[in-house]
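The two complexes that follow have chain A in common; it is paired with chain B in the first and with chain C in the second.
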Partner chain A sequence: MEQTEMMLKISDLSVYYGPICALKKVDLEVRKGEIVALLGSNGAGKSTLVNTIIGLLHAKRGKIEFMGRDITRQKTETTIQSGISVVPEGRGMLANMTVMENLQLGVYRHKGVDFNKNLEMIFEYFPILKERQWQAAGTLSGGEQQMLAISRAIVGEPKLLLMDELSLALSPAYVDIIFKALIKLRNEKGFTILLAEQNAKKALQYSDRGYVLDLGETVLEGDARELMGNPYVQTAYLGA
Partner chain B sequence: MESFIAQLINGLSTGGIYALIVLGMNLLMLVRNIVHHSFSHICVLNMCIGWLAFGYTQNVLLAFLAMFACGVLVTVATEPLFRPLSKRGADLETIVLAMGVGIIITEIIAQLFNNGQMMTFSDEMRVLNVGFSFGTVTFSLANIVALVACIVVAVFLVWYLFKTANGRAMRAMAQNLRVAKMLGVPFGKTGVLGFGIAGLLSACIGIICIMCLGYANAEMGDTFATKAVILMLFAGQGDIKGGILSSILMGVVEAMALAYLPGRWTEAIFYGFIMIVIIIKPNGLFAKKAAN
Partner chain C sequence: MFSTGTTYFLILVIVYILLVWGALIPFRAGLLYNGTVYCMAIGGYVAGFLSKNFDLPFIVCVLAAILVGLILGFIPALGFARTNGIVTAISSMALIFILESVIRNLDFLGGSTGMTGIHKENHLLLWAVILLIIFGVFLYRLNNSRIGRAWEAIQTDPQMAQSLGVNTFWMTVAALTLSSVFSATAGAVYAFNMRVLYPGTFSFTFLLNIMTMLFVGGRYTQWGAIISCPLLWSISVFMPTSIQKLSNYIYAVILILILMLRPEGIVTRRMTNKVKNFFTAKLSRRRQGAKA
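And then the complex of A and B:
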């Protein structure tokens, strides 16, 4: 594990909303090919962390490195271009635009990727999107929208995928479909994934390692299996 | 019948001009979520610059070039004014700001161009101002050329917005700025690009107005602005295709009212029609059901 390339390294990161501290001295590492779960309840700072990584929010202290380069104060578009894609919280559909247009916008900053080839790959994974490609994204069902959000994020061949609340407002059956597709994609295409999730059970089931955030601080980190067995995680997040 | 056809062409070309102004304002609405009330003032300023440049150089091409330069420069120069307001999602303030810009431009035209007198354009500037006969009626070739020019410009802009990556990015910004940023759409650059294209469009509108109307004065900006803002609301804010259709419809209704109704009832009919639509369909005539 020590030899694998470091994808994302966050050290001593603090973020404030005005006087309110949203993230406090957070350290986090994601290595190449890993799926890392970022757990925590509502308001724990998961989305704040995701938004800070891509530069929509600015850190007061600390450092974010992506593939060895400091991206802490980089503009969002530059960070996206360097190979990070986001599946936004709430799916982030451009509802009045077609499925195809949503996918095309996925490569807006990723010049030089073979859009048509990736599109074929996506339609193989999610055939329903092929059928609906000329429909407005807002007319899709929740699960289909989540498929589109993932597809839009991977069509630009990112090196790192940030997923914010993938399972939110999805039926349990769909959550499994989505996660299984994700694992398959990771295994076949070698994506690295940081998964911000409230649904700790599902997230840990499908990831390699995990971090638990509470009130903006990292309270636990470790192997996904270990975390699943951890008594604190069980009482606080797994309802055991 | 001949006079009907003449009026129809007249109305279509006026409608075409409205359509381009509304299109420009919708473009600015997409990238900055503002109602750029002073867009038509910029179009009129372009006309004045064209008049001035022609006066000095006696060269139509140079005058048109000066209009393009003025359109792009002035429109892009207003972008930094709107950026901070747009960032914090201001609403009413942007309208006040845009009206302020419009008033300043109106004053500039009144003070600095032709001592505030109406500027009439020479036949060279009006290029195609030749009447031609159709049965018993004569009408200006300029109207038909204006109509064609409006169609060409509108088709190009719609193509740009719907079929190019930057156009899609602009529409994405309008729909959900946060998501657009997450996809890597740069807020600053895309906005400036939108303003630049709107500037080019403002020069095209100026040239078409010179051909069709043949004069310019300081008050023209206000007249156009009022109609354009109303047409925007009428079609549904940011609705590109709806804006074009309602503008053309309005131009025709106006021309017909002017020709066939006694007295000066054009304005009353124009606004009456719009009032009814706004009452019945508050989201605009062409508003789709909100997608969920």
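And then the complex of A and C:
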């Protein structure tokens, strides 16, 4: 694995909410082109990690490197500009704005991106969004909103995509559609994806490697297939 | 063209529309900003002072009012951008009271007795209409621009806006500063229309009028002001004198009724979206037709 370029390297990261420790000495690596699953139950620190990477939360200790550059204390907008996009938990729809306006906000910080070209690509992947482009985002169904959230994140051609609880409140059929679209996108566009997920089964099925967080600590890491077979993961997350 | 009374009325309506727009801009960025009257007073007194003492033409006074309003709006904005919700509303209201007591103690602005001797501008209505159109078009373009979308994103979900790359702090400062420009312009027009300025005019009651007009007209679109300002202002002008005294009560009743029956105001976002979609759909269909 050493030959591929390092995309995101998190070392010894600790994050606190006041006196409460949300992340404790987390180490994590994402290489170029990988899909990495970040598993854990409620309160394990998945969203905290995602929010710390983009700078909405600040680390007490540790370092986050993106493509070799230290982004630990960087402002959110600079991080977004340098090529990280996020699909937030609960989709983060701007419900009163139209689908088109939501997509336009996806390139808010991205200079030199061909919005119209990317828009066509997105409409190819998710034709339903083209039909609904003048509709308010809040009137879309849950699955369509998730498609829009993903589209908004990729329209600015990010290098790294952070996804928080992609499968939350989606029917299993939709989860498959969305994951398949993601795999296709990764293969065609070469995105790197970090996937924070509670749904361990689906996440491991579609990712290359995985990390398991529990109470803010990394308890397991490894190849997705290995993790799927791991007895701890099976009892704790797969319900076997 | 119009009688003196009508001209006076129309100019005041325009002043109110500009002020409501001034209150609308911060609202789009999710702030309930009550500094509109503060900036209006600044604009009014700057324009009045320049006209009275230096006999400068109307448009120069307006530009000076805009400049001073911009600066004095920008400085408190740096603080307000860090606050939200009720804190912004209350602390920005304080600006009105601070400025009022400052003006009362400045003799060169006329102090408590007021400022008189502002020169007459013969084409004031024409100027006011021109300013209204310029600011209206500007606001419309702005609402449908990158900045307008960023404001709306901040209003809906500041954290989401941030994670899309919006610098929420500076965008909020920009909204408040722009609001000051609108209010200062309104103040300058007001000064030339009244030709007398009293510190007591720029008071809490005035703010209530503006907020009523904003909420009755519709606080999500710029078109609401164009309907609500003439409507509400005519209540206190054209009604018989016996009712005029009650205009504040009437405003309150209208505000309560609107908030209960039509919470988004007379002109809602759905209405404007429908109109907009009608035209965009028509345009795109025509474009597709041209391609085929």
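Everything below uses one rule, namely that the second predicted complex is superposed on the first by the 240 of 240 C-alpha atoms of A that agree within 3 Å, B and C clash if a C-alpha of one lies under 4 Å from a C-alpha of the other, contacts with A are read in each partner's own complex, and residues count from 1 in each chain.
Simple rule for what comes next: contacts are C-beta pairs under 8 Å (C-beta built on N, C-alpha and C of every residue); 3 or more make two chains touch, one makes a residue touch a chain.
Quantities reported herein were computed from a predicted structural model and do not represent experimental measurements.
Q: Chain B versus chain C on the shared chain A, clash or fit?
A: With chain A aligned, chain B runs into chain C, so clash.
Q: Looking at the overlay, what does A:R109 touch: chain B (first), chain C (second), both, or neither?
A: A:R109: touches chain B and chain C.
Q: Have a look at where A:Q205 lands relative to chain B and chain C in the superposition and call it first, second, both or neither.
A: The answer is neither, since A:Q205 touches no partner chain.
Q: Touch check for A:W134: first (chain B), second (chain C), both, or neither?
A: second
Q: On the A-aligned overlay, A:S11 touches which partner chain: chain B = first, chain C = second, or both, or neither?
A: Neither partner.
Q: After overlaying the two complexes on chain A, where does the chain B footprint on chain A coincide with the chain C footprint?
A: Shared contact residues on chain A: 54, 56, 75-77, 80-81, 86, 88, 92, 94-97, 101, 104-106, 108-110, 136, 152.
Q: In the complex, go through chain B and note every residue touching chain A.
A: Going through chain B, the ones touching chain A are 165, 168-169, 171-172, 175-176, 178-186, 288, 291-292.
Q: Which chain C residues qualify as touching chain A in the complex?
A: 146, 149-150, 152-153, 156-157, 159-160, 162-167, 220, 269, 273, 277, 280-281
Q: Using the touch rule from the top, collect the residues of chain A that touch chain B in their complex.
A: Going by the criterion above, the answer is residues 54, 56, 75-77, 80-81, 86, 88, 92-97, 101, 104-106, 108-110, 136-139, 152.
Q: What part of chain A is in contact with chain C in the complex they form?
A: Spelled out, the residues of chain A in touch with chain C are 54, 56, 75-77, 80-81, 86, 88, 92, 94-98, 101, 104-106, 108-110, 134, 136, 152.
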